[in-house]
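In order of appearance the chains are A, B, C, D, E and F, and numbering begins at 1 in each one.
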Amino acid sequence: MAKRVASFGEVMMRLQVPGYEFLSQASTLNYSFSGTGVNVTSALARFGHTGYLVSTLPDNAVGDAAASYLQKLGINQSFIHRSGDYVGMYFLENGFGARPSRVTYSNRLESSFNTASEGTYNFEEIARKIDIVHFCGITLAMNDSIRQHMKTFAKAVKENGGTVVFDCNYRPSLWGEDGYKKSKRYYEEMLDLADIVMMNEKDAMFVLGMKTEKEERTEQLVDLIPAVAKKYKISVIAGTHRSINGDNTHSLRGFIFKNQTFTFSKTVTFSVYDRIGAGDAYASGIIHGEMEDFSPEKTVAFAAAAGMLAHTVVGDTPISSEADIFRAMTESVGDVER
Amino acid sequence: MAKRVASFGEVMMRLQVPGYEFLSQASTLNYSFSGTGVNVTSALARFGHTGYLVSTLPDNAVGDAAASYLQKLGINQSFIHRSGDYVGMYFLENGFGARPSRVTYSNRLESSFNTASEGTYNFEEIARKIDIVHFCGITLAMNDSIRQHMKTFAKAVKENGGTVVFDCNYRPSLWGEDGYKKSKRYYEEMLDLADIVMMNEKDAMFVLGMKTEKEERTEQLVDLIPAVAKKYKISVIAGTHRSINGDNTHSLRGFIFKNQTFTFSKTVTFSVYDRIGAGDAYASGIIHGEMEDFSPEKTVAFAAAAGMLAHTVVGDTPISSEADIFRAMTESVGDVER
Amino acid sequence: MAKRVASFGEVMMRLQVPGYEFLSQASTLNYSFSGTGVNVTSALARFGHTGYLVSTLPDNAVGDAAASYLQKLGINQSFIHRSGDYVGMYFLENGFGARPSRVTYSNRLESSFNTASEGTYNFEEIARKIDIVHFCGITLAMNDSIRQHMKTFAKAVKENGGTVVFDCNYRPSLWGEDGYKKSKRYYEEMLDLADIVMMNEKDAMFVLGMKTEKEERTEQLVDLIPAVAKKYKISVIAGTHRSINGDNTHSLRGFIFKNQTFTFSKTVTFSVYDRIGAGDAYASGIIHGEMEDFSPEKTVAFAAAAGMLAHTVVGDTPISSEADIFRAMTESVGDVER
Amino acid sequence: MAKRVASFGEVMMRLQVPGYEFLSQASTLNYSFSGTGVNVTSALARFGHTGYLVSTLPDNAVGDAAASYLQKLGINQSFIHRSGDYVGMYFLENGFGARPSRVTYSNRLESSFNTASEGTYNFEEIARKIDIVHFCGITLAMNDSIRQHMKTFAKAVKENGGTVVFDCNYRPSLWGEDGYKKSKRYYEEMLDLADIVMMNEKDAMFVLGMKTEKEERTEQLVDLIPAVAKKYKISVIAGTHRSINGDNTHSLRGFIFKNQTFTFSKTVTFSVYDRIGAGDAYASGIIHGEMEDFSPEKTVAFAAAAGMLAHTVVGDTPISSEADIFRAMTESVGDVER
Amino acid sequence: MAKRVASFGEVMMRLQVPGYEFLSQASTLNYSFSGTGVNVTSALARFGHTGYLVSTLPDNAVGDAAASYLQKLGINQSFIHRSGDYVGMYFLENGFGARPSRVTYSNRLESSFNTASEGTYNFEEIARKIDIVHFCGITLAMNDSIRQHMKTFAKAVKENGGTVVFDCNYRPSLWGEDGYKKSKRYYEEMLDLADIVMMNEKDAMFVLGMKTEKEERTEQLVDLIPAVAKKYKISVIAGTHRSINGDNTHSLRGFIFKNQTFTFSKTVTFSVYDRIGAGDAYASGIIHGEMEDFSPEKTVAFAAAAGMLAHTVVGDTPISSEADIFRAMTESVGDVER
Amino acid sequence: MAKRVASFGEVMMRLQVPGYEFLSQASTLNYSFSGTGVNVTSALARFGHTGYLVSTLPDNAVGDAAASYLQKLGINQSFIHRSGDYVGMYFLENGFGARPSRVTYSNRLESSFNTASEGTYNFEEIARKIDIVHFCGITLAMNDSIRQHMKTFAKAVKENGGTVVFDCNYRPSLWGEDGYKKSKRYYEEMLDLADIVMMNEKDAMFVLGMKTEKEERTEQLVDLIPAVAKKYKISVIAGTHRSINGDNTHSLRGFIFKNQTFTFSKTVTFSVYDRIGAGDAYASGIIHGEMEDFSPEKTVAFAAAAGMLAHTVVGDTPISSEADIFRAMTESVGDVER
């Protein structure tokens, strides 16, 4: 049954050098708008839910372009505020083979979203109109004011009987030096409020400072995740293990921990066209499975296939339909469809 | 020695999304004009023959663009009629890795070609001016009027001492439900008229309803093709086995059955840039080999190399010269030619 | 105050040759989706109303692309049905100076919209959810089934107390030979149901067969429009006179006839970037003025400025905001805004 | 009635910076293939004649691209020789307003055409297969060997009863210092052989050294052209007067002198998209008029309209049909054709 | 004789929507790097001087791209510091006819240039290596730290016997409310240090608060500029009067006031391709004329022609050579140069 | 410590068909400027040295574009002469999989560089201002005059105490029939003057005619290179062995022979985006290692990594920084850097 899902997060402008040139070689950029919240609510809207983004955009040409883009993705704009002056931006130079892709951020701390004042959003009202809310660790890294918004919103949703999803998504460059230490208390506040959490053993060890004597990462996962679930009273924890193979393909294996039980997907191996946003596709798959009461086996397979397909699609934002994902779960690579 | 070859078939407009975006993401399309007849006669013109297309185009801007495009490919336009209103079109979205390519047709049943009335073509006169004619199963699927054109034309060529080539090319989506049953009699009519036929064991089993107790496809082929040749009095039957490998490369093995003898090419394995039209390149290679009196070994190797190279070329239409194909038959992948 | 506006009409795919090449010279196309209904509801959504399109799109990649495009334009998709196989298309080659632009249609009669069966739309329900509905003469030219949809829908809106807008928009090429004679009764049926009508003296003379002894077109207008209003009981009739000047600029003068009184805008003269869809921008301006209870002077000036700006914008669909139009009503051409 | 027309001339590769950037600012080029002979025979093929180019192209990738391009233009390739190593090239940077367009040549003297040896062409055989041949002054400027080809070819055509056209087309940069003096004898040799000549009073004065006491250019024309016709026994002399207006439009007035009588076209004024090749369009119009036995009035009006339209079309090569030109002769600038 | 010229100013990234789409319609951007200092030093380098930019860029991919771009323009990078995190950016949407161009800035206050700390530049050393320095009012509007840099640098140059140029370039949007009042003291500080000043009567009236009883702008100019020169001990004051004509052409008339005498250029009228940066081209012309000891007549004509040509060139940065400008001073619009 | 490095060589214009089309299919080209000297000096400038190109460019739009491009690459233009008429050009069509890339040259023998007269360069003065000079075998193949320039320059550098680098770079197509025989004496003249030489066993065997009984290429190398070093008194000889693998990856192993000792790099295997210019990247790495007094192990590893990265970069010219190369020496392929 279709649910009402909101995500709280920043809209970023992605400025990508086409092909494989460096920014210093090229003269054109492709642009689009994305962000973890955009990616997740857009994917869920494509699966048939109503997807709201709770965010702020400037009331100028860049804000208009972002709003049009979100509309195209099928995101409901009822809770998008227009104020402030800027949209956060990042430049993306595609890598090739031995040369990695490179991301360069412009100043996002002054963005409309990150400077929105306290009363900007009526979280009480929003909470009454949605079933589920999604937050992520990138947003958590921004500033105190944003963190205050997150807590207020999450509490309002809980009080209205809604579900809170939190994706740990720890980005070292955003927290700076001593980041793990700085970030721990904020992560714990969110974990205390969350029902569904996206994370893996690295978050447990590095952000939450938990210890394990295991050395292999699957064993670490199995050791630590139940402890996290217990400590923070989390119903569902899900995540992935990714590895990059010698031939530049990536391999992904998803897991879900629910009702004290781990369920793993098959390891899927695939060529990568656009790496960014694939984690959000996986998260969307988990949320969709939970909202639709899929079995854990089906949920984690669906999420892994969603993640895999997101690597084959242009742009940050997953664009596969539920039917596409079901087909990818069962079929091998095929000939042209005609 | 250069021959005069005609093909009877529709000109389609191919509208391709550049790169790997979906039609719903992009805003530009690359276009070209192709079709089985276009591909085969263009390839044969490139090998030094005179290639005629027998077809109908509208007398408007789209028809003009198609005609210019065919001229560029070196196709002689003497037998192209201008009437009707439309050109058939299809949209192509490129797949990537785990995501298959996707073709969406616009309405081709109302095209100039498919609505051309009975007296449109003077097949008697055309038959006197050509040595060989090529038909394919895609055209056969269109409608009764087209099928009548095909029979009239094929008979006229036979009566003038020419050679009739028929490529089975069964497309399930064109025949709809119970397609095998519906199509059988039309296929048999063409096989009765044909001297050279492109097909493999699947056509024998599914379209012609022939039985075999073999389970492996090469064995099925060896079992069924001689029976087909005998039943329909066909001099040459040729075709391919294709498989898609785990690393997205394709493998192709060609065969030719002639004088009661099978000859197989080596299995060639290659990366694929543009899948569409590669079967036509193989067919062109077989026709060229037969017209030039190549040995069966040379013919099937030439056709397989032509098919392989067609996968590396932009667009539906094979564009390799005879010299390019001979080089690809003997050389391994090389460094830049400079 | 924001109203709920629906338009009933086809979504067309516009395939435009970039720059000034002919289709036979180029190899890429820019595409977008438009149509009179799209243009009008999108413009009204941009002015703050809720804009619904009542239409049918195929459930395939082309339909998905159209739907995304409409979402981007801010059109509410609640009343868009998905069935059938095709989207109508047209090719556009830009003219330059002495060489006019050229439009070539593909087959639209088989489109999803034009083949939608009788029960496709629940007009009763839609009529209850909207305040105003917009139809146009292009749609009227399609076929009997479409005309039946139009009458049913218009009557349902009237019965629910809503307003019916009809834009005469007579296109000779769509009605064929003896088009004026053929079309008259259908136009009269719509005029009988309409509250607001877009037309000028030519429609009165040629479609409705009315006579005037005047020879100058403003005099003809003033002579005939009141008679039309009286005969068909129409509250508001509005339209334009356009002329093309020697230096390729266009001049436009709008009029509105309401409460037995004509009001004319100033004649605005401007350079033209994209001619198509400008009439829809003017119509949107009239509808907006009426919905917002502007004075006739303000309405006609707003509509003329909206029409003028639409000529300066890429694509068929007007994209100016209400503020942009107000500014264009008062300001002269200015320097860069920075 | 359709005639067989040949032109002897070089195929040049045009490398054009898109838009209005300088070569030092941009990073892409649009390319096409043209030349006076290409332009004239292509235009005449479009008018229904058979157009042959007599030229030489290298047997490499650039030669193949040129040959494909000529095929697309509808030029018959029977008399195109393949030898030598290079194609002449020129770079074109578009001007804007006060900034003129700029052409930079690469080395054309080493081109396949300009280095083709004496026996390359079988002019006797070609002459028997054509009705009319076209030469131009640009080719005449190349080298002695080329001039020898021209004379041999022109004589062969005359001997076979064909018609010789010569377009004076004097380009100062090609003849260098003292160019008028150097070139006179070669021009006179061609004029002695020619039946139809394209020129105006400037050629008479500067190349042929004729004197007039008139100061206004139309008076000079009327004074000198009859003397030229008489001296060199030329049946038809035609040409244009062009002026560039303050608003960047160009004005063109054509003339034809035949049977001792001058006929002038109206002065046509128009915006210019692509200046290069417009003179060849005018010449094609004159040749077509002569071949079709148009009246002088119709011929010169047709040629002027062909010249005007060529300024509105992308690329050097005229691409308008006879119907387009007839329409432009009678109609004023119109609205979009749909 | 070639001089050594430095400019102190920010490098901005210009992100321009190609063609005439809005940012909300398009998906690609053209980018380049510019700024008043970039434009002036690049133009002077093109005239044969050594042009230094004194500025700060981040040490990341965007900074590298900016640095490469400046190198391409011929700007010497010896005094470009690399620190901080961001480059200021602006989006440019091209207007068409009645629709003005629109500029939207991203956050430039956090740019590397605007946050460079006090000791970043060794102005003493730089001053010893240059003959002339250029500042502008845009830079002056940034912040106190930047203004401190400007004063220190200007004083160092004066003490070393160099020449100080100041372009008033008042931008209302940068100074905000009460901008004239806020900015006056900073402008006066710069005027006190300047030898050559770019301004006109509006700066005198609005920024400096000077009064005149004249109403026509040339009379105001003649009234006020000598007073400014006297009050602030300025040797040379130059500037322009621009007007935008009904047909979208612009007209420009330059003036120079030197040795108590006004010299005016002719009024030049021209079509505009790219408006931004044209004022910097005019300023470069004045500086060049002064450095080369041109007569005032020649200087102001050269500057006006440089300004005119800059309107015809893609991008902010003037790219005409001295020879191009001399030609534009004397010639009328011509035919293609070939 | 930063050194002053010059290279003597031609600037070529590279005209590349975008994507994978043939020149006969496409209509746009990407262009850039390169050449062995360009590639080497640009790479060394990027590593922090001062890189001079000693070359000649025409004083026209193409020469200006080349000069701007070299400026962008950071090459010092002090020793670039402007005369003559042409820039050498080559067309590049990208291969795909089984289809190799193809290079077609335009006429380079008439280029400004190859026709520069004897006194064009003041080698004495240049030699005094540089520490090291680089030559290559491509230049050596041009003509006697160029070879004379090379010897004069090399001697001047030696006399001033500088270092001479010579890259054998034998290209069969440039020397024509009996090329090894023709070229030997010129190679020996350069080897006699050189301190650092880029070559491998093939050059020793084929160009220098040396004999070995070994059959495996590493054994041949170890057998012959010390003999070469001894015979021509060369301090450092370095080079690579390349192999192309079945999956289209390339493998590269570098060596350096110095102080009677061979040092080999690891064999690096990688995907190839742009093959051309990779050898120059390797040479730059060797020169940089020698100039910076790296150990042989570090030098050869640095050069191999530089060569590998050059295969992943768009264009002929290596664009990696020293830091990028150091990272590639140590790291495995990574995830996106953000």
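As a convention for this text, a contact is a pair of C-beta atoms (placed from the backbone, for glycine too) under 8 Å apart; a residue touches a chain by one contact, two chains touch by 3 or more.
For each chain, UniProt lists the protein as follows: A, B, C, D, E, F = 2-dehydro-3-deoxygluconokinase.
Every value quoted in this text rests on a predicted model; they were computed, and no experiment measured them.
Of the chain pairs A-C, A-B or B-D, the one whose interface repeats that of A-F, sharing more than half of its contact pairs by residue number, is A-B. Residues touching across the chain C-chain D interface largely differ between the two copies, under half of the numbers being common to both.
In terms of C-beta pairs in contact, B-F outnumbers the other of B-D and B-F. Set against the Cα centre of chain C, the chain with the most distant centre is F. Distance from chain D peaks, on a Cα-centroid basis, for A. Note: centroid distance chain B to chain C, computed from Cα atoms, is 45 Å. The distance from the centre of chain D to the centre of chain E, with each centre set as the mean of the Cα atoms, comes to 46 Å. Our note on geometry: chain E versus chain F, Cα centroid distance of 42 Å, whole angstroms.
The residues of chain C that reach two or more other chains are 22, 24-25, 27, 68-69, 102, 247, listed in rising order.
Within the complex formed with chain C, the chain E residues making contact are 19-22, 24-25, 90, 95-103, 171, 173, 242, 244, 246-248, 275-276.
By the touch rule above, chain D contacts chain C in their complex via residues 247, 270-273, 308-309, 311-315, 319-320, 324, 328, 333-338. Across the interface of their complex, chain D is touched by residues 68-69, 71-74 of chain B.
Those residues of chain B whose C-beta lies close enough to touch chain C in the complex are 15, 18, 22-25, 27-32, 60-62, 64-65, 67-69, 85-87, 89, 91, 93, 102, 104, 106-107, 109-110.
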